[in-house]
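Labels run A, B, C and D following the written order; every chain starts at residue 1.
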Amino acid sequence: MVILIQCKDQVGLVAAISTLMAKEQINITSMREHVDTVACRFFVRLVVNGCSNIPLLETRLKEVLPADAEINVHPLPAKKIAVLVTKDHHCLSDILIRNHFKTLGATVQCVIGNHKNLEEISTRFNIPFHFISHENIDKDIFENELLSSIAKYEIHYLVLAKFMRILSPSFIEKAAVPIINIHHSFLPAFIGANPYRQAYERGVKLIGATAHFVTNQLDEGPIIAQQIIPVDHSFTSADMMKAGKEIETAVMAKGLQLVFEERILLYKNKTVVFE
Amino acid sequence: MVILIQCKDQVGLVAAISTLMAKEQINITSMREHVDTVACRFFVRLVVNGCSNIPLLETRLKEVLPADAEINVHPLPAKKIAVLVTKDHHCLSDILIRNHFKTLGATVQCVIGNHKNLEEISTRFNIPFHFISHENIDKDIFENELLSSIAKYEIHYLVLAKFMRILSPSFIEKAAVPIINIHHSFLPAFIGANPYRQAYERGVKLIGATAHFVTNQLDEGPIIAQQIIPVDHSFTSADMMKAGKEIETAVMAKGLQLVFEERILLYKNKTVVFE
Amino acid sequence: MVILIQCKDQVGLVAAISTLMAKEQINITSMREHVDTVACRFFVRLVVNGCSNIPLLETRLKEVLPADAEINVHPLPAKKIAVLVTKDHHCLSDILIRNHFKTLGATVQCVIGNHKNLEEISTRFNIPFHFISHENIDKDIFENELLSSIAKYEIHYLVLAKFMRILSPSFIEKAAVPIINIHHSFLPAFIGANPYRQAYERGVKLIGATAHFVTNQLDEGPIIAQQIIPVDHSFTSADMMKAGKEIETAVMAKGLQLVFEERILLYKNKTVVFE
Amino acid sequence: MVILIQCKDQVGLVAAISTLMAKEQINITSMREHVDTVACRFFVRLVVNGCSNIPLLETRLKEVLPADAEINVHPLPAKKIAVLVTKDHHCLSDILIRNHFKTLGATVQCVIGNHKNLEEISTRFNIPFHFISHENIDKDIFENELLSSIAKYEIHYLVLAKFMRILSPSFIEKAAVPIINIHHSFLPAFIGANPYRQAYERGVKLIGATAHFVTNQLDEGPIIAQQIIPVDHSFTSADMMKAGKEIETAVMAKGLQLVFEERILLYKNKTVVFE
């Protein structure tokens, strides 16, 4: 079981938490703590066992912690997710394989695509695929159809696996679950469209990818994970895109693992990641 | 001996060059070739031995190559450089050590600083240090003083080793040698001032450094080399700066090595780097 | 079309090849050359177009090259492969996905497993799966059954995608195609069984994986590609194995790409890899 | 101030420590904890401030912790070190530069070389250099001379910065301080002499370096840090050595930083490193 806590920093927080655990005969098998001394904020992640009554534990924790404490007690059992895609298969395929072999840390409830390309691979793995075109309809209607499809499933996260439409603040609010996106660049470099074209034109020697939470600001949400690979002058923009797909797949897998294992706390626009 | 050639691409270029070499009894020990199919441009780097008459070889090469060919025949013997610095010692120290042990591939003629901090380490290695303050004088006067100091030495390259003043297009033109800068970010992310502060605010998970040639456009010149290191939430902006210094030193050393070994061809705003 | 050539080094080889190409009106779009000065051996890889008669080109090349030259002219069209597996799915899944989306650079003819675990995923992608148990039979009988299965298909390469049986020199000879293995360590560290257990016991800070050709000597064949990922004290041997699977998948994908794109020349027990 | 504690794992350890700190009005600014569940051992590193009486704190900690607890309370002020070298300058130069600019986290008391090569650079930085030849004398006499030289200084660590003689168990015992070595390979690959020659012969695609504590077993002590760089077929064994020097310098710098910042706990033959 994982417990994530954040609150204003003060003396005695670790003592309060660990004393409570000892008293309740709950065994702490892992504990990671971080104090953001600039923001004066305390973050902790505990992995514990021996807790039989979660609501009671939460109540007890509230009693010993400051009033502003955000406490999340997560039994690790699997999250449910929906995946939004466009045409590129590489991130979705990786998710479907891990889902199939039960190494994803979540179960895929459905795939929703604004093109039909990825219906075949989804149904090959017996995952429902919903085709919702963005063409010839207003954006808010398109987004409402997305929301309706998602609403058929009880999901905890929405994963944008190379979904190439920009979602409105209204959608993000209504979705009401954390949304994870894989961005095809080393953010904040090359924000926006055609990052590989931009990278090629600039003659960079590394290209990257970024997994991040989606907020109202395009490409500006909290960063979860980033990775890069070297490129050189022999890479055309198409070669960069091809190489980029490998790193996009890797960074998405890493990002999802961190999210599903409850290793991330959010504060302001940044992440605390207890790997 | 290194030969760098670039010209419009056409059939038979490698044949023309290599046939000439065979005829002249010059042995090619290494050959790297690249065709930019978008720009339709041919680039080649040869390492050869057995050439006793460089001007004659250049004439012969001109005869067998297209009229637009840029041909550079470099005997490898050491380049001479001047180093511009401000307060940070790490890049300069690395250069001075390599210069001292003759592994730099160039010889440092002088160090010029707009602060006095690094006079001590320069003179410790018997390298002349010129202090030229930028304070209380016009930028063009400051730059003219820099140029006067540099003019005392016969140099082939100017290295900005954490020199924190922006040089004008006029200076760059008058310097009349290639200028290599180390930029404290993974360009084009975090252009401009305080990149580590920007990186901290954005919550990135990697920070980088870039060695590039200086052109009129600030931070926009051809990129030579880039490297990154991972960071996490526990890094303050000061920690990022400290970690960044390590990567700045490494990427500058790499960039200088590539330049001094004549491994780089420039075209438009990009580099072809034959590592 | 890709041409790979190796022979004893001598003056004029590049001239001979490139002059021939120009005469035959064959356009060289990429050329990479390497001379092993220790072994006095010349290696070259050309990508060309405009050749309509491959046997004639091979004859012409033989005429202008030394008698010992090994010349391989490869039309790039897809290689055919068989994949040998045991229980772990990660490498096979990656191969099946790339095969399905035609980005593998080869087509998978069949999967052969000494356990039944991976029959389901293979048949899900409509790839024939042959179950051949190694239990309760002599090794030579087991290997003959493998060879019989493989013989049903016309294959160019055999890929060991986490196949956990050691193949005899006799098998390797009879298979008569190059065999590519993914080894779960940074060879030559941790040769043999249980490398992750060994890595854990030794307390290493990096773990790696190696793609290599299989020769008679266990784990001693020519290395194609190697990659690593950092680990720390918090990794159990099971965690290392889990992290290792990610890097195994990545390095196998990279290795296969290099092989299928004809980027590798073999000499003695080493590879020349023109990336 | 840094506190390092290790003991047999049991419930309530974090509570005991953190409650004590709160009671003593000592503020914990950073805390990293690790439980080795295989060895059933607890490790913790705290950074604290507000402690005015270290011996009293140690006494109090002993009272609340199990009898077997190893408790180290380190005021961070600078460690003193001696550096042993042979001919290669790169690691020593890096140490001397950091020492000079007070970024090493330790102060260099002396350099001892079994060759005279590095006397010049040491004295250039005003560091005493002792030349002790290993030639024409018995190993135990040579080692006794080393020990005599070291004994003139009060040192906390001995750093082998490319010191190419193997030290006997007797020396290690008599030195009575932790000894840190930089090994020119990715241990445990290429143990022993000429690792770059071995790496070249094997045709590896990565080379590495390892910082480790020295124990009686050659190259078998607890690993502190490891890093690698990619190489390819174009690297001669001399090129590998040259590239290796860069990575040796980097990994030594990293290893020393971890040691001097008291980020390492030792248990059996492994390290717990709280970066």
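Here is the rule we go by: contacts are C-beta pairs under 8 Å (C-beta built on N, C-alpha and C of every residue); 3 or more make two chains touch, one makes a residue touch a chain.
Since the structure is predicted, the reported quantities are computational estimates derived from the model, not experimental observations.
Engineer: Mind listing the chains that sit against subunit B and also against subunit D?
Structural biologist: Chains that touch both subunit B and subunit D, as defined above, are A, C.
Engineer: Can you list every chain that touches subunit A and also touches subunit D?
Structural biologist: Both subunit A and subunit D are touched by B, C, going by the contact rule given at the top.
Engineer: Between subunit A and subunit C, tell me the centre distance in angstrom, where each centre is the average of that chain's C-alpha atoms.
Structural biologist: Distance between chain centres: 35 Å.
Engineer: Could you work out how far the Cα centre of subunit C sits from that of subunit D, in whole Å?
Structural biologist: It comes to 40 Å between the two C-alpha centres.
Engineer: Where in subunit B do residues touch at least two different other chains?
Structural biologist: 30, 34, 37, 234, in rising order.
Engineer: Of all residues in subunit D, which touch subunit C in the complex?
Structural biologist: Touch list, subunit D to subunit C: 34, 36-38, 186-190, 202-206, 208, 222-228, 232-234, 236, 269-273, 275.
Engineer: Over in the complex, which subunit C residues touch subunit A? Could you list them?
Structural biologist: 30, 89, 93-94, 97, 100-101, 121, 124-125, 234, 246, 250, 253
Engineer: Which of the residues in subunit A end up touching subunit D in this complex?
Structural biologist: 11-12, 14-15, 18-19, 21-22, 25, 27-35, 37
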